[in-house]
Amino acid sequence: MFRNKYDNDVTIWSPQGRLYQVEYAMEAVKQGMVTVGIKSQDYAVLVALCRAEGHTNDIQRKIMPIDSHLGMSIAGLTADAKQVCQYLRTECMSYRHTYEAAYPVSRLVTNLGNKMQPTTQRYDRRPYGVGMLIAGYDLKPHIYQVMPSANVMNCKAMAIGARSQSSRTYLERHLDSFLYSSKDEIICHGIQALRSSLGNDCGENIKITIALVGKEQTFMTLSDEECIKYLNMAQTLAKPDVQ
Amino acid sequence: MFRNKYDNDVTIWSPQGRLYQVEYAMEAVKQGMVTVGIKSQDYAVLVALCRAEGHTNDIQRKIMPIDSHLGMSIAGLTADAKQVCQYLRTECMSYRHTYEAAYPVSRLVTNLGNKMQPTTQRYDRRPYGVGMLIAGYDLKPHIYQVMPSANVMNCKAMAIGARSQSSRTYLERHLDSFLYSSKDEIICHGIQALRSSLGNDCGENIKITIALVGKEQTFMTLSDEECIKYLNMAQTLAKPDVQ
Amino acid sequence: MFRNKYDNDVTIWSPQGRLYQVEYAMEAVKQGMVTVGIKSQDYAVLVALCRAEGHTNDIQRKIMPIDSHLGMSIAGLTADAKQVCQYLRTECMSYRHTYEAAYPVSRLVTNLGNKMQPTTQRYDRRPYGVGMLIAGYDLKPHIYQVMPSANVMNCKAMAIGARSQSSRTYLERHLDSFLYSSKDEIICHGIQALRSSLGNDCGENIKITIALVGKEQTFMTLSDEECIKYLNMAQTLAKPDVQ
Amino acid sequence: MFRNKYDNDVTIWSPQGRLYQVEYAMEAVKQGMVTVGIKSQDYAVLVALCRAEGHTNDIQRKIMPIDSHLGMSIAGLTADAKQVCQYLRTECMSYRHTYEAAYPVSRLVTNLGNKMQPTTQRYDRRPYGVGMLIAGYDLKPHIYQVMPSANVMNCKAMAIGARSQSSRTYLERHLDSFLYSSKDEIICHGIQALRSSLGNDCGENIKITIALVGKEQTFMTLSDEECIKYLNMAQTLAKPDVQ
Amino acid sequence: MFRNKYDNDVTIWSPQGRLYQVEYAMEAVKQGMVTVGIKSQDYAVLVALCRAEGHTNDIQRKIMPIDSHLGMSIAGLTADAKQVCQYLRTECMSYRHTYEAAYPVSRLVTNLGNKMQPTTQRYDRRPYGVGMLIAGYDLKPHIYQVMPSANVMNCKAMAIGARSQSSRTYLERHLDSFLYSSKDEIICHGIQALRSSLGNDCGENIKITIALVGKEQTFMTLSDEECIKYLNMAQTLAKPDVQ
Amino acid sequence: MFRNKYDNDVTIWSPQGRLYQVEYAMEAVKQGMVTVGIKSQDYAVLVALCRAEGHTNDIQRKIMPIDSHLGMSIAGLTADAKQVCQYLRTECMSYRHTYEAAYPVSRLVTNLGNKMQPTTQRYDRRPYGVGMLIAGYDLKPHIYQVMPSANVMNCKAMAIGARSQSSRTYLERHLDSFLYSSKDEIICHGIQALRSSLGNDCGENIKITIALVGKEQTFMTLSDEECIKYLNMAQTLAKPDVQ
Amino acid sequence: MFRNKYDNDVTIWSPQGRLYQVEYAMEAVKQGMVTVGIKSQDYAVLVALCRAEGHTNDIQRKIMPIDSHLGMSIAGLTADAKQVCQYLRTECMSYRHTYEAAYPVSRLVTNLGNKMQPTTQRYDRRPYGVGMLIAGYDLKPHIYQVMPSANVMNCKAMAIGARSQSSRTYLERHLDSFLYSSKDEIICHGIQALRSSLGNDCGENIKITIALVGKEQTFMTLSDEECIKYLNMAQTLAKPDVQ
């Protein structure tokens, strides 16, 4: 009831100190397809579920490369994500041009948060309707979560999107093993975390995109063949886990 | 009921994380006449239904040439489409002037999406009320779908507009045959896909516009004679299909 | 009912994908006095009904000359039409100054449409309340219809304004004869089309304005004497038509 | 009822294609005191009724001189009229400075209309609440009527303001005699037309202002003595008219 | 009832052509303390009632000097009046600087009116809540009344503020005697006019401010001693008037 | 009831000519702690009550120094006061820089009033929620009261804030003795006036701040020791007053 | 009830002189995790509780370093805090660049308050939803509290956030001992104050962040090891306190 009165403008506080429009924008993230990010000592990996229904268009990939040391996966409105993506690409390009170096990941995401914050405070825009997992590597690998609230969090592993709670549960359960995982293992963990959110549909025929960045490894989206290879590998690894 | 409260401003999120005004603008596309885009290995083809009733005015063609390597067909508000068209033409012209080359198709549509996104996020405008199929050729043929949500999708084949679901069903059924189709075959597929959306009216007397672009073929809208030729050709090809 | 909710702002889409404010502005055109435009091989002709009641003021002429190769007739708000007229005159003048040539008609009306489109998309203005028939001649004669929706249509013949449906019916019935009509014949057709919308009032005493432009004929509004001459001529021609 | 919904913003069209706020502003003109304008072959004359009640302030004259060839009388909000007056004076002054000539009357009033039109189309202003009769002389005398709708009309004779319908009836009845009237006759016609709107109060003690401009006559407001002279003259002339 | 709908925005016309917000601002003037202005052949005099209750602050004088030939008295919001006052002072100073002369009074008040008019036409401001009597002298003395409606009136004598109708009645009754009154007489008339609005309180102990400007007399506010002198003088003169 | 309709926007006049939002802002002043200002022939003194409850933070002093000849005490929103304070400091600094002199007090407060007035007239801000007593010295001491209405008043003595009516009553009762009071006496009067508003709490343990400026005395806030000294002194002086 | 009407815009005063939107923003602070700041003669210390639930992301630290002499801890919206943080960092950096010195703490927080005040007075933004404790050292240590109301307070010790009243009670009880506390003691006091707000959860396993700045000590966030050391130390010290 009270809710009705304070939820139609991003610049209105509710008597309980909540910003309902920001919370509603978070719902748009929860309706996007699940995506997972994990980092080991040397790699940061993104795994994203792709829309499989409808074959006339190319799969709308949920992972977007930004710079050679940086990329992101998204859950929510693609058009909003692309706007953010363009901003990040321009920033990285201009940084490279000025300093002849890669934009430090933590500083970039801090600036992104500061750029997004006004959409939660000014009356003439709506908050972005997209959540992002940003995987980057400068001196070490990074996974950052950026949300419509303009909140930026440094993560060891994270999952966002529809039913992602199950993925986060998987990630927490295996958190200790990530740091010293090999490249293959960390990718398989990402796949398994994603699968946790699929419930009974957890068959072999899920369609996913995988990207990684790391030590001596520029940001790269894996080919379909490699994806299938890792799907099988994860399947094999997962079996003992089920026992 | 809830719907009533959150659907009168493009900057308002519903509690379920939806933007109703964007969804309503998508309805305007669904009320436009159906148009189809398909690409083969060498060609990208657009086929559009034209308003036939009322003879005093020229047929309002739904296909708009943009540059020698690029054109689009539309479903929805023509005036909105022309605004977009002018933007694309200006961009292409200015690119040619600067780089003495054709604007790469994928980059152009990405920029178009980013230009359209603010109409879904800022309070002082409405989302565009038009869907577009953009056919282009740079190193290979492209079909892109651009929607009021500012979503841009790379497609093998696509149909938008009134009752276009039937056309999309046709396209999905024949998807595998498009890649290695000849120019004539791919045009006939476009015509047949369009016809699927016409239901029982699927007679010989439909009025359509056809345009194509491809390898050693600048963007060209076919003459009425050629259209009739292809309509007959498609008719002949279609027969076995019905059997 | 739903209608009530979505019709008070030009930037609001209805759930059915309609823009009611644009549709309401079209109503203003339907309340203007009827005007007709026709083109033959060599001429573009405008015929407009004039307000006859009230003699203290000059007849408010509904035909406005724009440039030596261009003019327009209007239905709807005169003040809005004059604003548009001024824009077109300035454009033509500046074009002549730059290129020492007449502004190509089709390009000019395209730009006009693009100028009018924002009034249908931005919150701080209302759509124009006037419909226009633009008659021009560059390499051949043109009749363009421009509406509050910012829609621009290339026409062979067109009528807009109150009860103009009857005029359009007349035009469609005689459409085939226009192309090779002489100057006198095409003017008479315009008069007869206009008369069709007057119903039983279709007497000899209607007050009209006639303008034409064409091959070796700059845009010219006919004198009252010539108007009467053509009214009589049309009357004579019309008789057999009635039989 | 419907009326209630569409009449509180100048940028809102009613479903019938009306702009109620513009119509309401016209009401402000109807509440102003009546003023009459007439032109003969050589003269344009303005006659305006003045507020007589309250003697502590000078009579608020309803006729405003603009330039040596131009002046206007008003009905409605004086403050709005003065704003318009200042615009016209500045325009005339600047024209004289640039071209060393008088601003052609018809061009000036066209520009005035175009300046006033946005107040009927933009959301942040209200339409002007004043009607104006502009009397000018360049190659011949002119009477223009300018209304809150931004409509500009070239008139032979016109009356606006409270109960001005009676004055317009007088003007229409005598319309044919104006063109070849002498200066004295045309002024007397103006006075008689004004008197028509006063009903039974049509005594000798009405308070009026008279101004004229014409051939070899710069715009001039007559002295009180001359006014009285013409009032008497009109009285005498009027007598036979009553018989 | 209708009133309720059209009175909350200065840019909204009521169906009767009224601007309620402007009328409400006039109410603020009616609640200010009464002030009177009169002019004779040589002098313009302002008399204003001052707030007497509360002794801790200086009397808030209602008469503000503007330039050596100009001053004003106010009724309504003091803060609004000071804003206007500052504008007038700046204008006068800048005029003196440019032309080395006093700003002609009538031109200055015309400009003031034009500056105030937009507050009655634009949506983002409210009309000023103050009425002003401006007394000036250039070639002759002037009294101007300026109201929230931006109306400017040239007056022989005027009173505004609470119960000022009685003062205006006094002024009208003695209007003929003002022109040839001496300085003392005209001041006494001002005092008597003011007293008329005080009803039974019309004792000797009223607190007033008096200012005058005229031939060889720069604008000057009288000292308290002189005020008392004139109060007594007016008292004496008034007696016979009562008889 | 009517009140409800006209009190939610600072640019709306009520039918009675009141600005409710300005009146509501005045309420914020009435809820601030009481503060008193008095001037004698040579000194201007400010006395302010300080928040005593809660010891973890420094006492939020209600007296703010502005320049060496100027300071102010406040009642209402501190954040608003600081904004005003910053404006005054900047003005004084810039004046000193330009003229190498202290900003004349009366001119400064006039400008402050003019700067605050737009917050009571423009729609995009709220009126300031703070009242100020400004104590300054140029050729003589000054006490000015500035309120949310942008009203500026020159005072002999003044009190604002919660229950300040009692203080004002004290000040009026002793008004005659202030002019020739010594520095000590005038400070004691300030303390006693403040105490009048404290009712029965009028014990010895009230916490106050005292500041003064005057002849050969730059603006100075007294130390806690001196405050206690004067509190005791005032106590002693007050005793006979009670008798 | 009244509350409902005046609480949906930051520029609206309630009839009682309150700004509800500012008060609601204060609620957001009360929902943040508790944080404590204390200063001794030589040190300013910040202690903040960290979100412990959810291990996949790094702990979102509530203490942000600003410059070598300055840092802050926050309660409320992190994204808002980061925006403020960026402002402070930029200010400090630019100050260092200009003056080659540290920005004086009190002047910096005054400017911060003035920057935040407009969010409580202008219609197009919402007040910040974060409270901050700023610890700095220039000539001596400082703790400042900055709230959404833009209020800045100089504190000896302060606690903000959920259930912080208990912490403030602890701080007031031990206020006298802070000034001459050693570094270790003052940190332990901070921990104990924080614990007071945790109620029965006051176990050994709370997760906190500690930062300090002081004499010959740049702003430094303690390592996890040191935190544990101090937690134990505080535990030991606290025991006697409980007895």
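Assorted remarks:
So that you can tell them apart, the chains are marked A, B, C, D, E, F and G in the order they are listed, and the count of residues begins at 1 in each.
Convention: a residue touches a chain if its C-beta (ideal position, glycine included) is under 8 Å from a C-beta of that chain, and two chains touch if they have at least 3 such contacts.
In this text, all values refer to a predicted model and were calculated from it rather than measured experimentally.
Chains that touch both subunit B and subunit E are absent from this assembly. Different-residue interface: subunit D and subunit E share under half of the residue numbers found at their contact. For the pair subunit C and subunit G, the distance between C-alpha centroids works out to 70 Å. One inter-chain figure worth recording: subunit A and subunit F are separated by 56 Å, centre to centre, where each centre is the mean of the chain's CA atoms.
One inter-chain figure worth recording: subunit E and subunit F are separated by 31 Å, centre to centre, where each centre is the mean of the chain's CA atoms.
Touching of two or more other chains is recorded for residues 9-10, 123-124 of subunit B. If touching chains are joined by edges, the resulting network of the protein chains shown is one closed cycle, each chain touching exactly two neighbours.
Within the complex formed with subunit A, the residues of subunit B that make contact are 5-6, 9-19, 110, 113-114, 116-117, 120-124, 145, 149-158, 168, 171-172, 175. Of all the residues in subunit C, the ones that touch subunit D in their complex are 4, 7-10, 20-21, 24-31, 54-58, 60, 77-80, 82-83, 86, 119, 123-129.
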